[in-house]
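Chain naming follows the written order as A, B, C, D, E, F and G, and within any one chain the residues start at number 1.
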Amino acid sequence: MGVNIKPLSDRVLVEPMAAETKTASGLYIPETAKEKPQQGKVVAVGSGKKDHEMTVKVGDTVLYGKYSGTELKLEGTDYLMMREDDILAII
Amino acid sequence: MGVNIKPLSDRVLVEPMAAETKTASGLYIPETAKEKPQQGKVVAVGSGKKDHEMTVKVGDTVLYGKYSGTELKLEGTDYLMMREDDILAII
Amino acid sequence: MGVNIKPLSDRVLVEPMAAETKTASGLYIPETAKEKPQQGKVVAVGSGKKDHEMTVKVGDTVLYGKYSGTELKLEGTDYLMMREDDILAII
Amino acid sequence: MGVNIKPLSDRVLVEPMAAETKTASGLYIPETAKEKPQQGKVVAVGSGKKDHEMTVKVGDTVLYGKYSGTELKLEGTDYLMMREDDILAII
Amino acid sequence: MGVNIKPLSDRVLVEPMAAETKTASGLYIPETAKEKPQQGKVVAVGSGKKDHEMTVKVGDTVLYGKYSGTELKLEGTDYLMMREDDILAII
Amino acid sequence: MGVNIKPLSDRVLVEPMAAETKTASGLYIPETAKEKPQQGKVVAVGSGKKDHEMTVKVGDTVLYGKYSGTELKLEGTDYLMMREDDILAII
Amino acid sequence: MGVNIKPLSDRVLVEPMAAETKTASGLYIPETAKEKPQQGKVVAVGSGKKDHEMTVKVGDTVLYGKYSGTELKLEGTDYLMMREDDILAII
């Protein structure tokens, strides 16, 4: 988890989990949904904006929409950089 | 109702009821309406935003527009994650 | 008028009157108007928003644009759920 | 002028005058203008909005753009319901 | 200059000058410019808005974009009603 | 530099320099850039807006985007009137 | 690094690095990403806006979206002028 990156503003760096993976509470994303939510692990969090205090923390498992964020790759791992507002929920 | 999920911001997790079901007060949604409202049970509620205090509570029965929210599935049950502003009324 | 429904935010539930009906003051809506205003009875009122205090009250007769609101049906009666800003006037 | 109607928010009810009519000061609207301004008499005025105090008063003669407002008819007279911001000037 | 008209909000009534006219300082508008600025005399000024205090005064000569404002005609003279923000400069 | 013109609001009057000219620090604009920045001399500055205090001063050399501003001509010299936000940098 | 340029408002001047370059922490941008992030060195920083205090500093290595900013060339080196909000992260 030692990713050396500082997201700006209200951005969050997320390491996606496989969409088929079931969480402890059994939540998963339906295949047929038009805009399929995804889940991932929060890896880095920006310091927010004047009118937006950050809610998610490093280590949180989060749900987000399928086309949210910009893909990054770090030492072989794929990440997504997104705005916190693209995150639907902490699970 | 023990859904282990924390919606972010002004989002609400709703468990939809069958559209044909009549409520105690007899309210139901017309088949022919162009944008058919739906009803469901509130299962989880976000903590709101700086300028948006949440109104709905877990357990409320709510009406919402047909295409509101993002579908989620949890242990066999379908849910909808939507913003509180997509909810029309508490019934 | 015992409709058991609580509109959210700045929404208003209206029971439409027949468009041809003349009010006491003789006001009616022209057939040829491109966006024909309609009139109805206010049946339920939301609690407003931070920057929007509600003006209409239950029992008010109101005018609104033709395509305003979402249709609901309750025990055989048609209602319209709209935002107060869709209401043109109290008559 | 006893029109029994209360415009909501920053709306104004205007009784249009014939476009060809010259005012006392001789002002009239050119036939060839692409968006022809019109003039009328203010018949009813809303109570404004939090950030919009009303300027026009009942009895004012006002200029407004040609396609402003929604047509209403009251006991044989045509009216226009518009937002105060659609009014260009008091003459 | 005795034009009996009170522009609303942040509007300004301008009497256009011929586009070819050179000002005292020699400023004129190029024929080939895609959006040709124009100049005119300020004839009447609105009282502004909550967040917009008026800058131009009656008698100022101003520059404005070619398609700014709504045409009015008063006793044979053409005027333009525009928002102050459509005025580029006082010359 | 005695241009007798007062830009309104957050506008700036700029006298463009030849795009090929190299500045003292050697900065110039590439020919192939899709939106080529340009440079010029600030000739007149507006007094700003409530939420926008002006930064550039008369005499500053500034960079701005190619299609920024409205062309003006004054005694044989071409000027550009633009909003300060169209200015990229002071060089 | 002695670039003699002062970005306005919330703008940042960035000297792009080759997209294939791996950072110390091994981060690089995938070839196949639709909107490929890029990295560069911050060379000059604006003084911000009323509601936007600057976060990046001269010398920071930053990630940004592929089509962010306006190209500038200074003594043979290519730069990008962008708004800080176009910067995804400091690495």
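Note that in this section contacts are C-beta pairs under 8 Å (C-beta built on N, C-alpha and C of every residue); 3 or more make two chains touch, one makes a residue touch a chain.
Chain-to-protein mapping (UniProt): A, B, C, D, E, F, G = Co-chaperonin GroES.
Keep in mind that this is a model prediction, so the values were computed, not measured.
Shared contact partners of chain C and chain E, listed by label: D. With centres defined as mean CA coordinates, chain F is found 42 Å away from chain D. Averaged Cα coordinates give chain C a centre that lies 24 Å from the centre of chain D.
Separating the centre of chain C from that of chain G, both taken as means of CA atoms, is a distance of 53 Å.
Touching two or more other chains at once is no residue of chain A.
Following neighbour contacts from chain D out to chain E and onward until the ring closes gives D, E, F, G, A, B, C. Considering their complex, residues 3-9, 11, 13, 44, 46-47, 50, 70-75, 78, 81 of chain C touch chain B. By the touch criterion stated above, chain A contacts chain B in their complex at residues 24-30, 33, 35, 37, 51-52, 55-56, 63, 65, 84-85, 87-91.
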